[in-house]
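Chain IDs A, B, C, D, E, F and G follow the sequence of writing; residue 1 opens each chain.
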Amino acid sequence: MFIARSEYDRGINTFSPEGRLFQVEYSLEAIKHGSTAIGVRYPGAQLLLTLSILTRLSLKQVATSEGVILGVEKRVQSTLLETSSVEKILEIDSHIGCAMSGLQADARSMIEHARVESQSHAFHYNEQLRVESCTQAICDLALRFGEGADGEESIMSRPFGVALLIAGVDEDGPQLYHAEPSGTFYRYDAKAIGSGSEGAQAELQNEYHKSLTLAEAETLVLKTLKQVMEEKLDAKNVQLASTTPGKGFRIYSDEEMAEVVGRLPSN
Amino acid sequence: MFIARSEYDRGINTFSPEGRLFQVEYSLEAIKHGSTAIGVRYPGAQLLLTLSILTRLSLKQVATSEGVILGVEKRVQSTLLETSSVEKILEIDSHIGCAMSGLQADARSMIEHARVESQSHAFHYNEQLRVESCTQAICDLALRFGEGADGEESIMSRPFGVALLIAGVDEDGPQLYHAEPSGTFYRYDAKAIGSGSEGAQAELQNEYHKSLTLAEAETLVLKTLKQVMEEKLDAKNVQLASTTPGKGFRIYSDEEMAEVVGRLPSN
Amino acid sequence: MFIARSEYDRGINTFSPEGRLFQVEYSLEAIKHGSTAIGVRYPGAQLLLTLSILTRLSLKQVATSEGVILGVEKRVQSTLLETSSVEKILEIDSHIGCAMSGLQADARSMIEHARVESQSHAFHYNEQLRVESCTQAICDLALRFGEGADGEESIMSRPFGVALLIAGVDEDGPQLYHAEPSGTFYRYDAKAIGSGSEGAQAELQNEYHKSLTLAEAETLVLKTLKQVMEEKLDAKNVQLASTTPGKGFRIYSDEEMAEVVGRLPSN
Amino acid sequence: MFIARSEYDRGINTFSPEGRLFQVEYSLEAIKHGSTAIGVRYPGAQLLLTLSILTRLSLKQVATSEGVILGVEKRVQSTLLETSSVEKILEIDSHIGCAMSGLQADARSMIEHARVESQSHAFHYNEQLRVESCTQAICDLALRFGEGADGEESIMSRPFGVALLIAGVDEDGPQLYHAEPSGTFYRYDAKAIGSGSEGAQAELQNEYHKSLTLAEAETLVLKTLKQVMEEKLDAKNVQLASTTPGKGFRIYSDEEMAEVVGRLPSN
Amino acid sequence: MFIARSEYDRGINTFSPEGRLFQVEYSLEAIKHGSTAIGVRYPGAQLLLTLSILTRLSLKQVATSEGVILGVEKRVQSTLLETSSVEKILEIDSHIGCAMSGLQADARSMIEHARVESQSHAFHYNEQLRVESCTQAICDLALRFGEGADGEESIMSRPFGVALLIAGVDEDGPQLYHAEPSGTFYRYDAKAIGSGSEGAQAELQNEYHKSLTLAEAETLVLKTLKQVMEEKLDAKNVQLASTTPGKGFRIYSDEEMAEVVGRLPSN
Amino acid sequence: MFIARSEYDRGINTFSPEGRLFQVEYSLEAIKHGSTAIGVRYPGAQLLLTLSILTRLSLKQVATSEGVILGVEKRVQSTLLETSSVEKILEIDSHIGCAMSGLQADARSMIEHARVESQSHAFHYNEQLRVESCTQAICDLALRFGEGADGEESIMSRPFGVALLIAGVDEDGPQLYHAEPSGTFYRYDAKAIGSGSEGAQAELQNEYHKSLTLAEAETLVLKTLKQVMEEKLDAKNVQLASTTPGKGFRIYSDEEMAEVVGRLPSN
Amino acid sequence: MFIARSEYDRGINTFSPEGRLFQVEYSLEAIKHGSTAIGVRYPGAQLLLTLSILTRLSLKQVATSEGVILGVEKRVQSTLLETSSVEKILEIDSHIGCAMSGLQADARSMIEHARVESQSHAFHYNEQLRVESCTQAICDLALRFGEGADGEESIMSRPFGVALLIAGVDEDGPQLYHAEPSGTFYRYDAKAIGSGSEGAQAELQNEYHKSLTLAEAETLVLKTLKQVMEEKLDAKNVQLASTTPGKGFRIYSDEEMAEVVGRLPSN
């Protein structure tokens, strides 16, 4: 019953009688209103992992055959909006980036936090922050909503209304993580978030295979986005980024976007 | 149902079961009561951007052919009110200004914050604050409502009830940003906010083209305002400002206003 | 519906679904219970402004032909009350004063704040605080209700229940500002606040003209008050003050009050 | 309607839709349950004021013909209660005292605050605190209820449930102030507070005249108290105090009380 | 109506529309559940006061003929409870003690506070704390409930649920004070608190006279307790203490208790 | 009526109209769900007390004939649970221990607090903490729930849901205290707490006599537990501890438990 | 009745009239939604305990015949999820690990706390943290929810929604603890938590015996998991870990998992 449920969801951070945290569940709804984002890891990672243990020095040369592709839909309500200012894919560090779905301002806070963590780690330990550690730093921040702002950083009084697909590369090779407002995170081969995530995830489940090439991964991301987008997909309303051992995290230029979109079957 | 919705909107900063932040949405309503404000960027920017990379020294001479025009309606309830004290367009720094719609006092707080950020940046780094950074500083402040006042500045216990059109110029040329109470911001070629924003935006969508001249941009802003204002437009109840690479941000004098208004078709 | 509205107005500083701030609106009601206060600027200011730019040294000699008159009704419930202790017009600094309507104690807090700002400015910068800056300092205080008391001064946990007419003189000549609990302020030629403000403002709108003399301004203020007061106006239950470039802010003595009241038509 | 009103009065310090502060109004009710207190200023003050400007040195010699009489009812529920411990009249400093009506413990807090202010002023400036400043210090404290306890003194979380009649003497001669929980204060020639205040004030209005002598003032206070007291007035259940330029603030001894009570007509 | 009243009593420290503080009134109910306690001052005090002014040195020799007797009922629910651990009479300092009725733990907090105040006063000023000052320190603590714990001592978030009869001796001779949760205190010749206070106070009113001897006072206290106790009074379920100028505060030994109880008429 | 009562019990620490503290009363209910615990003091203590005053040095030799026995029921839901980890009897210091009933984690907090107090006292004053002082330290902690965590220790935001039987020995001999969530404590000869406390206390009342020997006290504790336990009593699901002047506080070993349980009549 | 109960469970940490803490009970529901986790201790521990007292030096050689096996179900919603990132078994220190059921992010906080405690203990005292102390540190953190964040670590504003099975080895041999959100912990021979805990615990009760070998314990854990899992058990969706005196805490490699799963009867 609706009224009865509302007895429990007014407290920011309390359990319902069924053991649920409603504010966290509601923040997931905010993400369901967000634009769709997709991440796909294309293979070579297992191989790399083995090699990197044996021959760490030759890591970069070998690793070029694998990586992670992130793709997002940009919702453009007006032709007067400059699409380049709709940033759904953001760099965290030279080796880590992410795609977001949900509230733009919340994402900015989380990513700013991750950037500081990454710089600080590099400064203190003279090594790049591992992708899992970066994801965990973001998730620890997400868990702390509703607490007193004792620490160094401003913490939200509600859960973050944003989900992230974090793509990065470290000595374990390219990795794709999904981070939720609840502070939970898992590693995926391919994952979709946002308003079209249900259909997109089903598509990924069907199409993903362990021998995808870079070009196939790019096409898979765009084809999947195309199916769940309301607007017709073109080089302006989607954005891709790649993470590879050789080049780290890179957002595709307009020329690169045009080239990949041109490759799609035209139906 | 109205009563049911109210269960969720009493918490200042909590999600509803549908993932909505009601207080932020309600603050947008406050802006819908505000006077209309319009910003239009007239072209040359793309060209400038290219040139500035090649020949940064010649930037100012070249850039004079482009800019941003801001225009606002001044609602004058009484002839005894001095219209010059109705400040809907305000300077942030010599290269950045903004037009506001919504609660005057809230706008003053946000702009004061932006002024301090801009001065502080110039002092510390000996360079002008970029327009996007300025916009982000304002939006970060907007996001932080409802938090403990730990930081240097007083923060609101509710969302700001004001939207801003921020026009500025930096090495990327003249730019126009729209900043919302939610902390979201995007860059636009032309954007309207306030009570007449719906009609005005439709008009801009129709009339805007990439080869507008300065005079055409001024006329477009005033013509659009004229259509959505309840009072008859004259040189007293509207205000214009321009942002250009050469002269930075300038509010039009009474003489300049009279000249531009005089150019409007008289029907 | 009444009950439904009350769902939103219990939070001190939250938006209603229509984007309204009920506590601020309710504080305006407190002012509507207050005694009427009126301010009228009599001309010469435009002239002065021009002159002051050209020949700043001769400012004081020239400016004597213009100024602002403040007038208030004193509600005297009992003949045992000493009317001189009913202070509805108060000095802020030698060049700025104000008339209040609403809660006496709230006004005292605001004016004490303005006095400190004014003294502090004079001490630090060796110049008088400008009238607009003084008004803004008061309005910034008004906006900050409901916040933690971090700053130097005690801040109210509710909006101030008082409106002020601020009359002052600086290098821009005599000026009249109206400041509201919402933190909004505008400059006026003539403005009425308090329980009789509606009728009084209509009267001012009709009678005000740009060539008022000092004596005409005094008479206009008293005549307008007379129309909206329930008691019969006499030299005891009204109070006048003037602000002029030459003499700054001065509250009329009993003799001066008697003289001006004597000039009123006796019907 | 009762229920509807209660929607607004639960917030400690919020406006109702009609602009009322219910908690402050309710605190006035607490005072209406209190015992009656009366203050009467007997003339000579106007004269003194004039003289004091001309010949300040001769102030004390001249001023002896005027002053303020405070009188209170002591409610004695039991003959086992020592009436001397029912302190309704208290000294603030050698030149200022007050009569209270309402909650005893709240009065003690306010008066302790005033005592500290008075001592501190004398210590810092080597002069006695003026009566109006003392009253204002008390009223500023009253206004601050509901705020964080940042300052030096403990502040109440609700309005003070007490009204004070403050009688003091400074270079302006003897003065009588009435201070309310709202932080409002006015100067009076004669004023009654507490449960019998309505009848007593009407009586004072009728009987007060500008040529009262000390003895007449004492009699007026007691006669007025007698009319509104439920118990029969005697030298034990009333208390008087005087404030004069010569002797400052003095509470009457048992002998003096007996003498004044003896003078009353016996019906 | 019950429901309506409850609208106002949920706030810890707010006035009801009738000007009542419900939480304080409810705490008085907690005391009505408490065991009965009685205090009786036997004469000689007036005499002492006079003498002490003339011949302070001979104070102690003269003052031995007067004092205060405190008596309490000990409710013993079980014969396995050790009655000596039911402490309803406690020492504050060598010259001050008290009898309590209400919540044991609350009393312990208040008395601990009084002990610290008394020791601190003696240490700083090298003199014993006066009885009235001690009572006031307790009452100031009682008033401060609901405030932030800024000060040195832990303060309750609700009113104290305890009343005290404070008996002490200083240069004004032996004195008996009654202190309430509201922070109100008065001096009494004889006073009863707790569940049997109504009947006991009526008895005291009848039996008390100004020429009681020590033995008569002891008998009066016990006789009065006997009338209001449900259990049969014996030397185990009552406790006496005396405060005299010569010996200060002393709790009666078992032998003394047996002797006084033995003196009671046996009906 | 149930609903009406609930109006008052939602505030953590507020009085109901009848002067009750519901949260404290409800915490007692938590204890009624707890396992039963019993304490019995066997005689010799009175004698010791007398002797200890005369001949403190010979205290330990003399005192061996008396002490306190604590006994608890261990509820073992599963044979896979290790009963030794069900700690219902805990040591506070070498001379003080306690048996608990209620929430395990709350008991741990209280006992940790008592341990620190005891160690700290011994360190600062070079003497063992007295049993009453130890009990009072626990009760002061219990009273402070709902307060800000200013002090050195973390304080609960609700009452502790645990009751303790504290058995210790000091120069007054062995003593048994009962401490409640309300902060109230009393000394007992024999006391039962927990779910079976009502039946057990009645049994103790009948069987206790002042000439119990150690063996008789052990048997009395176990016989009483046996009557109120749902499971069949054996050496695994009960635990005993003794406190004696000679050996201080000791928990019985498995062998000792088996021996005492073996002595019980077998019906 | 549902509505009535909800009156009490909205306060984060308050007792209901029946003495229950609803938020803590609701957090147990969150655990019932979690994946199943099982711990089984296989014998030799009792023997070790005895030996370790006599001959501490030979501890490690002797102890190799006993230990604790932890096993968890990994719920894999998608084949695109990398199962190695579903960490339900985590290391705390080289000698302690744990299996979790409930909210992943909460578990991470608790385990991070335990890791810091363990490292800190080792650093300060140069010895490994005992298993019981480690469990107690986790439970103390769990108890402190709802308190101000004064301490060094961020504390939750609600109970932790996670249960842990803690397996460790110290000088008392291998031990298995179960820790709950309430802060309660007990030691077990075999224990199941999570959604299948009821069926699993019944199975363990039947099958557990004191002479289990390592291989038998591994098989018992997997067989029990298999019965309560919805998916078909394979080497990917379960995980085992062992704790032994010789090797401390170790998570099974993929090869080891495959070997043990292969041993299961294939029905």
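One rule holds in what follows: contacts are C-beta pairs under 8 Å (C-beta built on N, C-alpha and C of every residue); 3 or more make two chains touch, one makes a residue touch a chain.
Keep in mind that this is a model prediction, so the values were computed, not measured.
Participant: If you take the chains that touch subunit D and keep only those that also touch subunit F, what is left?
Facilitator: E
Participant: Give me the set of chains touching subunit E intersected with the set touching subunit G.
Facilitator: Looking at subunit G and subunit E together, the chains touching each of them are F.
Participant: Is the contact between subunit F and subunit G built from the same residue numbers on each copy (over half shared) or from different ones (under half shared)?
Facilitator: different
Participant: Using mean CA coordinates as chain centres, what's the subunit A-subunit G distance in Å?
Facilitator: Centres of subunit A and subunit G (C-alpha means) sit 31 Å apart.
Participant: Rounded to the nearest whole Å, what is the centre-to-centre distance of subunit A and subunit F, using the mean of the C-alpha atoms as each centre?
Facilitator: That gives a centre separation of 56 Å.
Participant: At least two partner chains per residue is the criterion; list those residues in subunit B.
Facilitator: Touching at least two other chains: 10, 12, 148.
Participant: If each chain is a dot and touching chains are joined, what shape do you get: line, ring, star, complete or other?
Facilitator: ring
Participant: Within the complex, which stretch of subunit C touches subunit B?
Facilitator: The touching residues are 4, 7-8, 10-21, 136, 139-140, 142-144, 146-148, 150-151, 177, 182-191, 201, 204-205, 208.
Participant: Could you list, by residue number, the parts of subunit E that touch subunit F in their complex?
Facilitator: Those in contact with subunit F are residues 2-3, 6, 9-10, 12, 22-23, 26-33, 78-82, 84-86, 103-106, 108-109, 148-149, 154-159, 161.
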